[in-house]
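Each remark here refers to the structure printed beneath this line.
Which chain is which? They are A, B and C, in the order written, and residues in each are numbered from 1.
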Amino acid sequence: MTLFIQCLVDQIYPEVGDAMVAVFQKLGISVNCPTEQTCCGQSAYNSGYKSVSKTAAKRFIEIFEKSEVIVCPSGSCVDMVRNHYPSLFRNEPDWHSRAENVGGKTYEFTEYLVDVLKVEDFGASFKEKLTYHDSCHLLRNIGVKDQPRKLISKVAGAELVEMGNSDKCCGFGGTFSIKYPQISTAILDEKLDNIISSGATTVVGCDVGCLMNIQGRLNRKKLPIKTMHIAQLLVQ
Amino acid sequence: MTTISTEHYKNKAKEAIKDDVLQSALAGLQNRLGPATAAMYKNLPEGDELRYKAHEVRMFALDNLDMLLEQLAQKIRQRGGNVFFARDQKEAVNYCLEITRRRKAKLAVKGKSMVSEEIGLNDALIKDGVKAVETDLGEYIVQLAGEHPSHIIAPAIHKTRNQIGSLFEEKLGISYTNDPPTLTKAARKHLRDAFLTADIGFSGCNLACAETGHITTLSNEGNIRLATTLPKVHVAIMGMERIVASLEDHDALFRLLSRGAAAQNLAGYVSYIGGPALDSEIDGPEEFHLVILDNGRSKILADEEFKEILCCIRCAACLNVCPVYGKIGGHSYGCTYTGPIGAVLTPLMTDIGQSKDLFQGESLCGACQDNCPVNINLPRMLLALRAKTAEGDPRWNIKPSSPVEKFIFSIWSKLISNRKAYDFFFRLARFGQKILPTKNGEIRKLPPPFSGWTLDRDMQQIASKSFIQKWKETQK
Amino acid sequence: MIEENLNNQDRFLKTVKEAIKASPGGYRKNREELFSRLSQSTIDSRLKKIQNRTRADQLKLLDLLMEQAEPINLRVMPVKNLQSASESIKELILDKNPEWGTVKKVAAWKHPLIDKLSLGDALAKYDIPVYQSELKSTDDLPAGKQMIREQIF
């Protein structure tokens, strides 16, 4: 299994990467991590800079196309590779087929564990009330909804309480949160209200972008609720 | 009819977010209609799949639009109706004023019509001495208050019953009450007088039928039916794309439209209108006019990237789930079309550069497409618009709008192309973050251009060693 | 004005046609293929289905109608015969109060089924007039229509 580490995990949340590796080690699956990888180019693409994102895409394809299987801890990055890379190369048939080839074997973490490896129980235990946040791109563009919940259900002692509107955006939206902070915060505060109403002490998610956003606001508001990536939960 | 600018958008959005009344109204609307619509698509006999069929039906209509419009016009004229093709809002308004002048009309009643808002019909009529009364209850309230609608289907969503009570007390001379049935009855009485004495009725068109030569109107209040059959003259205005080929197409689209708009199986009143009353017919207007409007739509049609937006049937389902609309409300958009549909349509119909906040101020969550009865890929088009402002496009008269941002991303492009450079940059950042104000290990203030983040959020520090760095060390 | 309109139309539709050419979506058809008719056998089978509906089928449809009518406040009243229909409608009229003013008036469409209800007779003793919208003669159409409007409004 080849690890597509995601820039945010690489630089800010390496512990999530550590947890992912530990999960695969438990399954006896050897992990390979190309050390030349940098970024999938999503932020440039979402801001409309197609030429920059093409540069990132070509590099990604070159680094990863020989891998058998690629796994990533972020739904939005997988969305970028699987769904947007081919559209970037719409008029370049060679790159287009290379992009489709790579996209076809790139998986989001929970998608890979549950749908491909068909493993749900990792012997984890975490005696807390948890709630789960559905990241937008993971839910709507990759179609992952049940898989993380299945994984959570097998964690001993963990009580999953669904928050209201768990599938509503947290307000991150990449550069949206920086360019339109008031609107982003207003959306985020509604997410926080839902989290608090659920009574959970921990919010689990599959995308550190969202978690970073939620945790940042929780900290600013001095609320004791914690956020956790699903990989970290599975090694508890 | 647009007042879009970055300043307007940001100020209005700020106001809206602070407005507790509006926030509560928007939350109520979205909580009521958002999830209900999604559930209703699922309980269709055909299931969710019907949306894909509807998408095809609409794209088919766009590909054959010239022939469909020709057929529609021919059939209506055969029945004694008039059809006018208006290139832009000026032509459309002038045609309407020609009619009101010729008929010496003093009073007009209107069914809710976004396209009539688009062309500024009401203002033109009033300037010309014709009183124009909106007959949809929400539009009526908004009109009395001298405001613009803030939602396509629920125009007065931003008003409380107390506000409406005071408004009716002032404008209708009734004693103050905030009881909705009483207020509705008061409006109904006033509107009934208007219906019975109006010289002319204006309506929009939900979806014309080319095959049979009809326009259609849908409502739950019955006001459009009264406005289009009681007065002696009926003028219907339609965006040129609001047409399908055959009657069978309406079945799927109406069922979807009603679910998208109001989470109901079908609207209460569905009317097909194909011309004026025939001589032997007792009911119906003497004159029927259909104004078919371009006003920038043909330019959108000619663009492969954006023609899909013309599939829209104006149900507002996207507004009902958009997290951004749910916070900033309709007035922040400063134009006729709001919400996700407005974020794509308005820039294309006006000026992309000036209205860039509409499509940049979205989180791209994708809820709009999921909720759209015809599965329009709104996120794709929001991204396409962003690409226009980033890299410019002479066809749409737009130059790259942010040279600083472009520069930053070009630097970023170089950094991600070389892991050594990338590592170096982050080593600098790791070092640099030490001088930023922190508390409990969290950064409290980021420098520009990231300072927006730390207005309301703390920021996790960059880790002392990157994952890749640690990996390299363990692999040795 | 008609000629002007036609020139407008030509120009308008030419713009549209050019736009479609610039971004073909793959759905373009010939004029004759646009409104493909249902085959005669499909039409026949649909008509046959309606014709051969059993009473049980019809009652099922009625149930469905009543179920769907509820959310839009449409009251469906199944009755056995014309006499009952006339009775029910009479009761409804007697029961309801006018929304504005005190005078009760009934407007009815000129239609064979409605004629058979003899509503005028049923309501005569209550002094409730029933106006059936009917053009008595085709001599002066505008005047005829105006008279009907005055009766009903």
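Quick note on the criterion: a contact is a pair of C-beta atoms (placed from the backbone, for glycine too) under 8 Å apart; a residue touches a chain by one contact, two chains touch by 3 or more.
Computed from a predicted structure; not experimentally measured.
By number of C-beta pairs in contact, A-B leads over the other of B-C and A-B. Every chain gets a centre from its CA atoms, and the centre nearest the mean of all protein CA atoms is that of B. The distance from the centre of subunit A to the centre of subunit C, each centre being the mean of the chain's C-alpha atoms, comes to 55 Å. Chain geometry summary: the mean Cα position of subunit A and that of subunit B are 32 Å apart. Of all residues in subunit B, only 56, 59-60, 62-71, 73, 82-87, 91, 189, 192, 196, 210-211, 220, 240, 245-246, 264-265, 268, 279-280, 282-283, 292, 294, 298-299, 301-304, 307 touch subunit C in the complex they form. Within the complex formed with subunit A, the subunit B residues making contact are 10, 13-14, 17, 27, 323-324, 326-328, 357, 360-367, 369-370, 383, 385-391, 405-406, 409-410, 412-413, 415-417, 419, 422, 426, 440, 442, 449-453, 455-463, 465-468, 470-472.
Contact residues of subunit C toward subunit B in the complex are 5, 8-9, 11-13, 15-20, 22-29, 31, 34-35, 68, 71-72, 74, 100, 133-135, 138, 141, 145, 148, 153.
Considering their complex, residues 5, 9-15, 17-18, 33, 35-39, 41, 43-52, 55-56, 59, 136-137, 140-141, 167-169, 171-174, 176-188, 190, 212-213, 215-217, 219-220 of subunit A touch subunit B.
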